[in-house]
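Each of the next two complexes has subunit A plus one more chain, namely subunit B in the first and subunit C in the second.
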Partner chain A sequence: MLSHKESKAPCSAFDEFITTVLSQVHFPFDHRKIHDELASHIDDITDELMDEGVSEEEASVAAVQRMGNAEEIGKELNKIHNPVLGWIWIYSSLCLFITAVFAFCLLIVPLTSPFTVKKPINEINPNDILYHISVDKTCHIDTMVLTITDIIYDTDHTLHIFYKTYSSSLLIDSWNFPYLGTLTDEHKTEYYCSELSQTRAFIKYYDCRIRDFPETSTLLTITYDRFNRYYEFNIDLNSDTGQQSTAYGTMSAQRAQRMENSNESIR
Partner chain B sequence: MKIDKNLIGGSTILILLALLDEKDMYGYQIIKEIEKRSDEAFQFREGSLYPVLHKLQNNGYVKSYMATGDTGKSRKYYQITKKGRKQLKEEQEQWNLFSLSINKVLGGSANAFS
Partner chain C sequence: MNRFVKIIRNLILILFLFFIVCIVTGLRLTPEQAHKMSERGIHYGPSVIIKSFDYGNYQQLLCKYDNWVSCDTVSRFALIFWQPGNQPIGFKNDSSRFFCFSNNYSNDSNYLYGIINNDALIKIEVLTNDGQLLTQQDFYDGLFYFTWVSNVRQSGIEKITGYTSDEMITYNAWDAIPY
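Here is the complex of A and B:
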């Protein structure tokens, strides 16, 4: 709009009018828009008057007169372009922007992790594998889903149990598997494992390692029985798929009854 | 004859919304249209249009956008919103009641329905 101002020079009346109006409007961020709109209007009147044969100089003065009292208009505009609301608007927009950036930063890690994070199973050197069983056993406890994907036995006599967990609910992690469960072989010998995990896009991948697991063992049983949640996986270490029966769920009435009975017998 | 601007005062919103209901317009265009339709009986201080337009926009009755018209100049156009149309209907009903009542008071029922 500055160019227009220059083109209609001299227009001190114009300048005075605009300056007076804007001096009443205390919210600086709307000055530009108000200036442009009023200037455009005065420009239109000036053109109209010049079309009627009025000289440019007279037209620009008369145009400003037709606009009315600059101070009154400015005061009226100030009521509408309220500085408090204006600042609140700018402040809340800024907050929203910062929140959006923040949320984006929070999401960028899970969203890019499939490209940057390796699954634990891919860390195993294929030359170290003595046997590899592809398992696909899943259980649902509350909203959490646990899937055992692979069993690998390596040359270090370490048995790796690869499993993944994720929440089927977007909002709530109602249940976190605190540990995989009790690990036993066919002789009911109990084993302990060390775990490492990686998170890729909201799915957590685990490598549960049992050191010095006997190479000749034929069965791996994973039993979880805590906090009224129960599951049991039986994995046949001799077959390629580890096909064996699986049971899971919250504690059955029968089991609960049995445990109560055993408690009584202890008493 | 020119009409006292206080008389127009109360119905400014009705006039503006009714005009914008027909098509999108910029400030100067609105003034010209009002002058033309009222045979120049309505003439206001043109600058006082903007506080009213901005208030309508604040209330959500109109929204504005920048556009280049046939003259090649970039101007701020005002467009009536759904909320504005609802308000227009209300104002029209009020106006009808008002003018009917005034006419009744001035000339009796015979005039009112003419």
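Here is the complex of A and C:
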């Protein structure tokens, strides 16, 4: 069977026909497809004619003639293969590809971080722990959720406050939260901490380290009071679970009202 | 699937991915959205934007929140996006003073902003370190704002003076309230 796709006769009836048709189709990316479809069509007619006993050369010419007016066919095909839609499709596909690559590159780090980044608490050598309190207490600031998870006191006289933050909003708008608040013990002595953070899949884990914290201290109070946001954690360092209470339980009625007002204004 | 349906599918996917990119990168489509995000990111505000100053590739937004006054900078990114710049946190107003102010440096410009606590003040005048004299008489809901470019990269102020109809109150650079 003669294949028009591979035809080597440059001036054949088929080539002239196809050139005329394609000259009417203004979206070049569809030319190959149209060429192949027309070739397949003409091949079928050629085969039919050859089955009827017509010679191959005559059948080819007759098949092309049966296709009709090349210019008219081209105009009709140009309506179907609309160049405007064609170019929009090409450009939208290109944009989609670029955006997908960009999004993939941005997401690959946070999505793989649970497998590559260790939580700060896992950096502590268990042999160095003098005491460990599981706290697990949560509060909300704007859309950020803050959870104090663990307190560890180590042999270097360093108190580690482990906490994590994440955004409860679909729009991730909570940045790092290095300032946990004012840190005091039962004698109201104020301490400062150096903070280390790690991000795993949009959750940030922190280790707030207070160096030279007295081993005998029985209470840790964390108070945050900035820009009308308040919370307070009182953590009993003698308990295995901290037995903590939060600002919501211990603050004055006046302060509770201020907090309620600020929450309303935030909302 | 015909070509029209493919285009619609592409556009929906582009919008979805665009949304993801905006979320992850912290980029926003308007300066107000970027400003709001920068405030929420550090748990401040939401403030009310009193006046915005557009400098093409960045904007400065003069804002009030409770007792605080701020001048946040947001920057344009890749023509269509806006990202948080610096200083969304303001200073706390001290209403015992005639006026309070703070100054900073951003995007190659010095700026000073503040709040008037006495309605008798009709004019604020700033003398910069490099000798420029800047004046403002029309205030923005009790706020004032100056910006200046100096041949010295970062130029502070020599003094700032508030005028009533019959007296003047002068503060020096060290009277600026830190943010």
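The criterion applied here is as follows: the second predicted complex is superposed on the first by the 205 of 267 C-alpha atoms of A that agree within 3 Å, B and C clash if a C-alpha of one lies under 4 Å from a C-alpha of the other, contacts with A are read in each partner's own complex, and residues count from 1 in each chain.
Definition applied: a contact is a pair of C-beta atoms (placed from the backbone, for glycine too) under 8 Å apart; a residue touches a chain by one contact, two chains touch by 3 or more.
A quick note: this is a predicted structure, and the numbers were derived from the prediction, not measured.
Trainee: Touch test for A:136: subunit B only (first), subunit C only (second), both, or neither?
Mentor: It touches nothing on subunit B or subunit C.
Trainee: Using the superposition on chain A described above, determine whether A:86 touches subunit B (first), subunit C (second), both, or neither.
Mentor: Only subunit C; A:86 stays clear of subunit B.
Trainee: Between subunit B (first) and subunit C (second), which does A:40 come into contact with in this model arrangement: first, second, both, or neither?
Mentor: first
Trainee: Tell me which partner A:15 touches in the superposition: subunit B (first), subunit C (second), both or neither.
Mentor: A:15: touches no partner chain.
Trainee: Applying the document's definition of touch, where does A:73 land relative to subunit B and subunit C: first, second, both, or neither?
Mentor: In the superposition, A:73 touches subunit B alone.
Trainee: With the two complexes superposed on chain A, say which partner A:195 touches: subunit B (first), subunit C (second), both, or neither.
Mentor: Neither partner.
Trainee: With both structures superposed, pick whichever of subunit B and subunit C touches the larger number of subunit A residues.
Mentor: On the superposition, C touches more of the residues of subunit A.
Trainee: Mind sorting out which residues of subunit A both subunit B and subunit C touch, each in its own complex?
Mentor: None.
Trainee: Which stretch or stretches of subunit A touch subunit B in the complex?
Mentor: 21, 33-34, 36-38, 40-41, 43-45, 66-70, 72-73, 76-77, 79-81
Trainee: Show which residues of subunit C lie in contact with subunit A when the two form their complex.
Mentor: Checking each residue of subunit C against subunit A gives 3-4, 6-7, 10-11, 13-14, 17-18, 20-21, 23-26, 37, 40-46, 65-66, 68, 89.
Trainee: Mind listing the subunit B positions that touch subunit A in their complex?
Mentor: Touch residues, subunit B against subunit A: 26-28, 44-48, 50-51, 54-55, 58, 73, 75-76.
Trainee: Quick check on the complex: what are the subunit A residues that touch subunit C?
Mentor: 82, 85-86, 88-89, 92-93, 95-96, 99-100, 102-103, 106-107, 110, 141-144, 170-175, 226-229, 265-266
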